[in-house]
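Quick heads-up: structures coming right below.
Both complexes below contain chain A, partnered by chain B and then by chain C.
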Partner chain A sequence: MLASMFHSLFAIGSQLSPELGSSGIEMLETDTFKLHCFQTLTGIKFVVLADPRQAGIESLLRKIYEIYSDFALKNPFYSLEMPIRCELFDQNLKLALEVAEKAGPFGPGS
Partner chain B sequence: MHLMSSELFTLTYGALVTQLCKDYENDEDVNKQLDKMGYNIGVRLIEDFLARSNVGRCHDFRETADVIAKVAFKMYLGITPSITNWSPAGDEFSLILENNPLVDFVELPDNHSSLIYSNLLCGVLRGALEMVQMAVDVKFVQDTLKGDGVTEIRMKFVKRIEDNLPAGEE
Partner chain C sequence: MDSRFTRGKSAILERSLTRPKMEVSLSAFSLLFSEIVQYCQNRVYSVSELQNKLSELGQQVGARILDVLVMREKNGKRETKVINILLFIKVTVWKALFGKEADKLEQANDDDKTYYIIEKEPLINTFISVPKENSTLNCASFTAGIVEAILTYSGFPAKVTAHWHKGTTLMIKFDESVIARDKALDGR
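On to the complex of A and B.
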């Protein structure tokens, strides 16, 4: 739900931009959380919702991209564009979130 | 990252190709299968490449050629092919592989004269570039296995795939 809404919002956002070649929405800020988005050159979006005071989200997003390419894409039994149901992916994602949580002052909410 | 013996890799690839030769009647079908497998590898491998190499979007085909030869080949095969024979329009070039790790121990038998042994590589390049919105034609034009002095992969830019452009890059 959130993903598909954000996807459209992102597309509209990048079209509305007065500058050509806008990167699209990288961050949405509210009082209680920040939504960070990282779009790869292949067009995949990674979205993290985190406490507004949480630092280091950018490197966390890059890390998640690595985890995705390692534990989803390199698993020969994972089918492209399907939901990721890979144990190793979940484990490593959880680990990365824990590391980010410890590094930053407050915890990200996935 | 743990390292694997490159010989085991070469042998595994050899086993794959010879099995395909047993499974298919003619070399053309084997070539097609190798290309298809390579394509499936390429569309996945590109994400690993982008996640790890921190390479940004290329502005022209020359930059793409550089990244393929100097970063991608280096990263995955440990070799750096040279880039030559640019077409005047700048939409075609050749990668010259001095030593192709896939063929280290290979001698092509006479009855497989039209087998393109390393055709997997063409598929990988095609699949990977397709995911960054570039349609390309990739083929071997020279091969040391066939008695040529070097191995040459010809790459031709076909078009930008506008449909798959990520938002914000139209």
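On to the complex of A and C.
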């Protein structure tokens, strides 16, 4: 539900933006968490919810993109636009999150 | 080769057979291989058919790589003993294809026709996670096809299949005649 809501917000946001060809919402800040979004060239969005104090989310998002293109796109049993059910993808995502959690100064990631 | 036959056709025909090792991007290979698997998957009805199809494609590769490797690494001399051809595959072929030796080469305890080549993490499966519903499928069938072609065209008719066991295991079952011939060679 969050994803679909954010998707429309993102679409409206990028149209309303005074800047032409805006990249859309990259970050939403609330009292309790920050929502980081990274959109790829092909229009896939990666969203990370994290503690407001967590650092290094930018690079985490890029890492997730890398994992996605490795373990989902190069997997013959994954079809585009479908939920990703790949063991190796899950494993490597978990690893990346653990690394980000250790590297960030505070609080939980994702 | 006389270059007047190949001139202007393709650069690859002009290249020397003894050219140094070339490296290919793993990403590019994986994407292509993924497409191959999807292509095959769209044309079959069962897992075993898919494995057969991958194996057939692998055999095309094996038949070609055998000749070039024998020329390049062995000065055109072919192996005559079972153990030597298996070592040739484990070391030379694996190095040319995957940049490293195969992890292990074993003989079955109870059967002198059966050998195993064991790879913990085959390069071919680096990015592939097999869905749960057909967990017996191993895309290393492609590699099995390569090995099968190399053995068969070297005069060691064999069946090679890929299984999930200690990583990926390629099971090589030689024809009776091969083992009989090998024993006869030993006896002399």
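Following the convention adopted for this analysis, the second predicted complex is superposed on the first by the 107 of 110 C-alpha atoms of A that agree within 3 Å, B and C clash if a C-alpha of one lies under 4 Å from a C-alpha of the other, contacts with A are read in each partner's own complex, and residues count from 1 in each chain.
The rule is simple: a residue touches a chain if its C-beta (ideal position, glycine included) is under 8 Å from a C-beta of that chain, and two chains touch if they have at least 3 such contacts.
For clarity, every value in this text was computed on a predicted model and none was experimentally measured.
Asker: Applying the document's definition of touch, where does A:Ser4 land relative to chain B and chain C: first, second, both, or neither?
Answerer: Neither chain B nor chain C is touched by A:Ser4.
Asker: Quick one: classify A:Thr30 as touching chain B (first), chain C (second), both or neither.
Answerer: After superposing on A, A:Thr30 lies clear of both chain B and chain C.
Asker: Is A:Gly21 in contact with chain B, with chain C, with both, or with neither (first, second, both, neither)?
Answerer: first
Asker: Quick check for you: in the superposed arrangement, does A:Glu66 touch first (chain B), second (chain C), both or neither?
Answerer: First partner only, chain B.
Asker: Is A:Phe89 in contact with chain B, with chain C, with both, or with neither (first, second, both, neither)?
Answerer: After superposing on A, A:Phe89 lies in contact with chain C but is clear of chain B.
Asker: More chain A residues touched by chain B or by chain C?
Answerer: Ranking chain B and chain C by residues of chain A touched puts B first.
Asker: Is A:Leu41 contacted by the first partner chain B, the second partner chain C, both or neither?
Answerer: A:Leu41: touches chain B, not chain C.
Asker: A:Phe77 in the overlay: touching chain B, chain C, both, or neither? Say first, second, both or neither.
Answerer: second
Asker: Between chain B and chain C, which residues of chain A are contacted by each of them?
Answerer: The overlap between the chain B and chain C interfaces on chain A comprises residues 70, 73-74.
Asker: For a test of understanding, state which residues of chain A touch chain C in their complex under the given definition.
Answerer: Contacts found on chain A: 70-71, 73-77, 85-89.
Asker: Which of the residues in chain B come into contact with chain A in the complex?
Answerer: Answer in residue numbers: 43-48, 50-52, 56-57, 131-132, 164-170.
Asker: For chain A, which residues are in contact with chain B within the complex?
Answerer: Within the complex, chain A touches chain B at residues 10-11, 13-15, 17, 21-24, 39-44, 62, 65-66, 68-70, 73-74, 80.
Asker: Could you list, by residue number, the parts of chain C that touch chain A in their complex?
Answerer: 27, 30-31, 33-38, 41, 127-131, 139
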